[in-house]
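You will see two complexes here that share chain A, one where it goes with chain B and one where it goes with chain C.
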Partner chain A sequence: MIGRDGVIRAFIVALFVVALELACRFGMISKFTIIPPSQMFASLLDILSSKAELSQIGTSLLNIFVAALLTTIIGFFLGIGVHAVPRLRAALDPLMVSYNALPLFAFYPLFILILGVGSPPIILMGVLLGLPSMMLATMNGLDCLPPVLSKVGSVYHMSPMSQALRLKLPAAAPYLFNGIRLAIAYAFIGVIASEFILSGSGIGFGVGFAYNSFDTRTMYGLILLVVILVAVINTLLHVWDRRLESRRTR
Partner chain B sequence: MTSTIDRPVRVVSTDAAPSEDVHIAVKDVHRTYPARGGSGAIEALASVTFNLRRSEFFAVVGPSGCGKSSLLDLMAGLGRPSRGTITFEQRRIEGRVPDGVGIVFQEDASFAWLNVYDNIAFGLRRGGFDGAEIGRRVDHALRFMGLVDFAKAYPAQLSGGMRQRVCIARTLVMQPRVIFLDEPFGALDQQTRLLMGDELLRLWRETGASILLITHALDEAAMLADRIGIMSARPGRFIEIIETHWPRERTSEIVAERGFGAITARIWSSLRSESMKSMARR
Partner chain C sequence: MSSRQRNLDIVWLALFLLAVWQGLSMLAGSDTLISPIGTMRHLAELLQTERFNADMLETLRAIAAAVPGAILLGVSCGVLLGLHHRSGDVTEPMLVTLYALPKVIFYPIVLLICGLGISARITFGIIHGVFPIILFVMNAIRNIRPVTLRSARAFHLSNAQTISTIVLPAALPGIMTGVRVGTSVTLLGVLIGEMFAAKHGLGFRLMTAIDSHDQASIVAIAVLFSAFALIINAALLALSRRINRDT
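And then the complex of A and B:
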């Protein structure tokens, strides 16, 4: 059910959309810069009814899914590994902080040289962007595990693996969930931005191609698609997080 | 200030109970923690010997850092002594929590991701009990601990005292023969502690389990226990064991008994010097 916060949120978005529509319709914003939201929406409908475009969208979504999945899995296990070796963690901490300043997209041509064109370098970009966040989320989750959990596991004669799966993983779940949210967000950014730079397919490529062809209608239609996808996914994750949060707070 | 001692306080320096009455026997147990990060080895326990009798309520008091929790860990099978033996029902405890042992920890050990019902049922499900038996035991535990109205609630939605009740209920459903409690009410206010003490006594009477309670609160030990072991400063060992002779059917109202003050005074008279030693070390 939509709460009051959801209503206010929807109202703000609607207000923005209406303001933009009016600004475009009344010439306050040039149609060569931004088209009215209604035209963006119409363009989106055209895109979704085109088999060729749907295929491109499907390629991007698959790349995003694979990138998010790999980021989650690799980041999770790397986080566990680094957490288990405190000296390694201490050595990596300043590097991980500096990592965010790296212009990873500058390495994209190198990835193409190594992995070839197509999905692999795009997925790799998505993974590399989100990996530190998932690692940090995992390590934070493990840091916050109550030491008493291991003792409780011993009382129930649980093996280390059983304790990890039945006690530690659920206890760390809120932190891991945040890591997964970031993994999905960075997968979107990495995949679409990579497609925009140097790819021959996908949503990002479509945006770049439309831009270079001065086809602002298609360009904004695709941008709107990305915005809606991200908003829907984030809203679903937010709703799920709220349900979990209601169990964690009084 | 003089105190009227109406109830003779019996101090025992040896612990000679018939073997069939002994539930857990601790013989000459030492525990030394190895050196770590620049600090030397720490001798937590030195030559601890005593018997936990069947169905008795035994409280352990001592200054901070004297090894009370270390002793509980060893007796519960959560660690191994550096020297000495601990037997439970004539079987040696070797670094594994024996069947029939339940533990309630000082920290909140409730599972935040499970509701109260599922928390309590956790051990039963792991133990492979059938659904009907799980339901029967959990329902009984919920009624016994006054948690029926909170079966679907999550621990974060409960007060500290209620979360400890969940942990006690989770221990209770496994029908342990020995229950260890490591300062279970440490984080609670005094009134709640007294009421939880009543719950504990009720649990003890109903289950017939032997109970070992670690507590900092002298009045709590005096109220709840049949016998009170007073530990020295580190390395911990028992310097006195006091018998209270309270009737089994007792409640928190016992704090108004005339002998109650004598018992707490006796505990403090032994503990004071040890506590000062412990403070001087810090």
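And then the complex of A and C:
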């Protein structure tokens, strides 16, 4: 399952960790700047065994999950809606192309003023970041549906609903999956960054709080946690994506 | 659909969005959400104060250093990883993970290393922008038709010649997309950097506005920064459309 590339990858990560450990241990990097990876890991274990920290992590993960779910659902239906009106789609195109140029985080303070400090503005940031990607993925999926599918559907006298569920949805699945992947990535970025900028709980808040109170150990523990979480989720999605791909080309 | 009708549709859509903004503002009261006209008026007032202009200049300085830095680093890494297939295969998932990471969590580390100056904000902007550029450039180069590279070998071109006369021109459209996306993300990185632990810049002004519940300034600064980012994006988009037409 793990190919040669995977081994090289693991080797690079291991080399990096060992080099960092040695550089810290021999004083090439001040311990006030970066602590050795072994201590980061120990700090991570402490965090995972503390109830207060776990509830912070839980808050963030719940926000990320809600944001990704909302992005997927809203983006899917908006994508279908916009796809049905070509004129609207053409008019939206300049906005879609330059959407990632919009500094959405500049609007986060405004959302706080309107929605109050707490989960709603944080989730809103996660949703806004990922929404266009999910819409684009849905529209791409609909574009790539072969016309033969609806012919098959009418030959078998399928209702529009069962055509959509049993023919079109599976055919568009790889594109939708791509959109969901992006939705999850953007939910992570939106939620953690918002928590970091201004909030009262969550992993992002924890990193900022630890930094401001000179608690380097906890800070690196939390940073390591985020890196591991994102790496694991990304790898799982990558493997799943490969599996979908191989089933499609079989 | 004629391009004239399309442009008209775009104008209608923009007017519709402005009308929604105005409507929401009237519904919620101008103390909760300032109206579009009020924002413009407030922005004009801000632009006349010296401090605001100094902050804007500070942000522009950070951007002027971060964007070329991200592009230079991103394109050169992307070219190398794109040409050497094994390195590309090995690093791609790692780069995707780095791209998907919320980079804010690295900000404390950047601050600890760079200190509280403009260099921290520049570094932070580069950290944001460099990964999308590498990924786009790498994929653009991998998608060059093999025959083009084979012709380079047939002409006995050196590695440097191959890159400058074959690889870069052939991958230019993809590279431009990477540069455009990377530039936007770098701008965002600089802004977020300023929002946290800075004493100058638009991001700092934004945070001061939050603390004093100065809602008009928040919207005005956000709109100003958006307009700036959108103009840069439109310019790069026009440039890459031109390149696509020529090749």
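Simple rule for what comes next: the second predicted complex is superposed on the first by the 248 of 250 C-alpha atoms of A that agree within 3 Å, B and C clash if a C-alpha of one lies under 4 Å from a C-alpha of the other, contacts with A are read in each partner's own complex, and residues count from 1 in each chain.
Everything below uses one rule, namely that contacts are C-beta pairs under 8 Å (C-beta built on N, C-alpha and C of every residue); 3 or more make two chains touch, one makes a residue touch a chain.
Not measured: the values here are computed from a predicted model.
**Q** With the two complexes superposed on chain A, say which partner A:I114 touches: chain B (first), chain C (second), both, or neither.
**A** So A:I114 only meets chain C here.
**Q** State whether chain B or chain C is in contact with more residues of chain A in the superposed arrangement.
**A** Of chain B and chain C, C contacts more residues of chain A.
**Q** Tell me the contact category for A:P160 with respect to chain B and chain C: first, second, both or neither.
**A** Touch status of A:P160: no partner.
**Q** Considering only the touch criterion stated at the top, classify A:K151 as touching first (chain B), second (chain C), both, or neither.
**A** Once the two structures are laid over each other on A, A:K151 reaches chain B alone.
**Q** Have a look at where A:A173 lands relative to chain B and chain C in the superposition and call it first, second, both or neither.
**A** Only chain B; A:A173 stays clear of chain C.
**Q** Touching A:F196, do we find chain B (first), chain C (second), both, or neither?
**A** After superposing on A, A:F196 lies in contact with chain C but is clear of chain B.
**Q** Flag every residue of chain A that touches chain C in the complex, lowest number first.
**A** So the residues of chain A in touch with chain C come to 5, 8-9, 12-13, 32-34, 86-88, 90-92, 94-95, 97-98, 100-107, 109-110, 112-114, 185, 188-189, 191-193, 196-198, 203-204, 207-208, 211, 219, 222-223, 226-227, 230-231, 234-235, 238.
**Q** Touching chain A in the complex: which residues of chain C?
**A** Per the touch definition, chain C meets chain A at residues 1, 5-6, 9-10, 12-13, 28, 32-33, 86, 89-91, 93-94, 96-97, 99-109, 111-113, 181, 183-185, 187-188, 191-192, 195-196, 206-207, 209-210, 213, 215, 218-219, 221-222, 225-226, 229-230, 232-234, 237.
**Q** Would you mind writing out the residues of chain A in touch with chain B in their complex?
**A** Where chain A meets chain B, its residues are 146-149, 151-152, 154-158, 167, 170-171, 173, 247-250.
**Q** Could you list, by residue number, the parts of chain B that touch chain A in their complex?
**A** Contacts found on chain B: 76-78, 96-97, 101-103, 105, 107-109, 111-113, 115, 122-123, 126, 154, 156-158.
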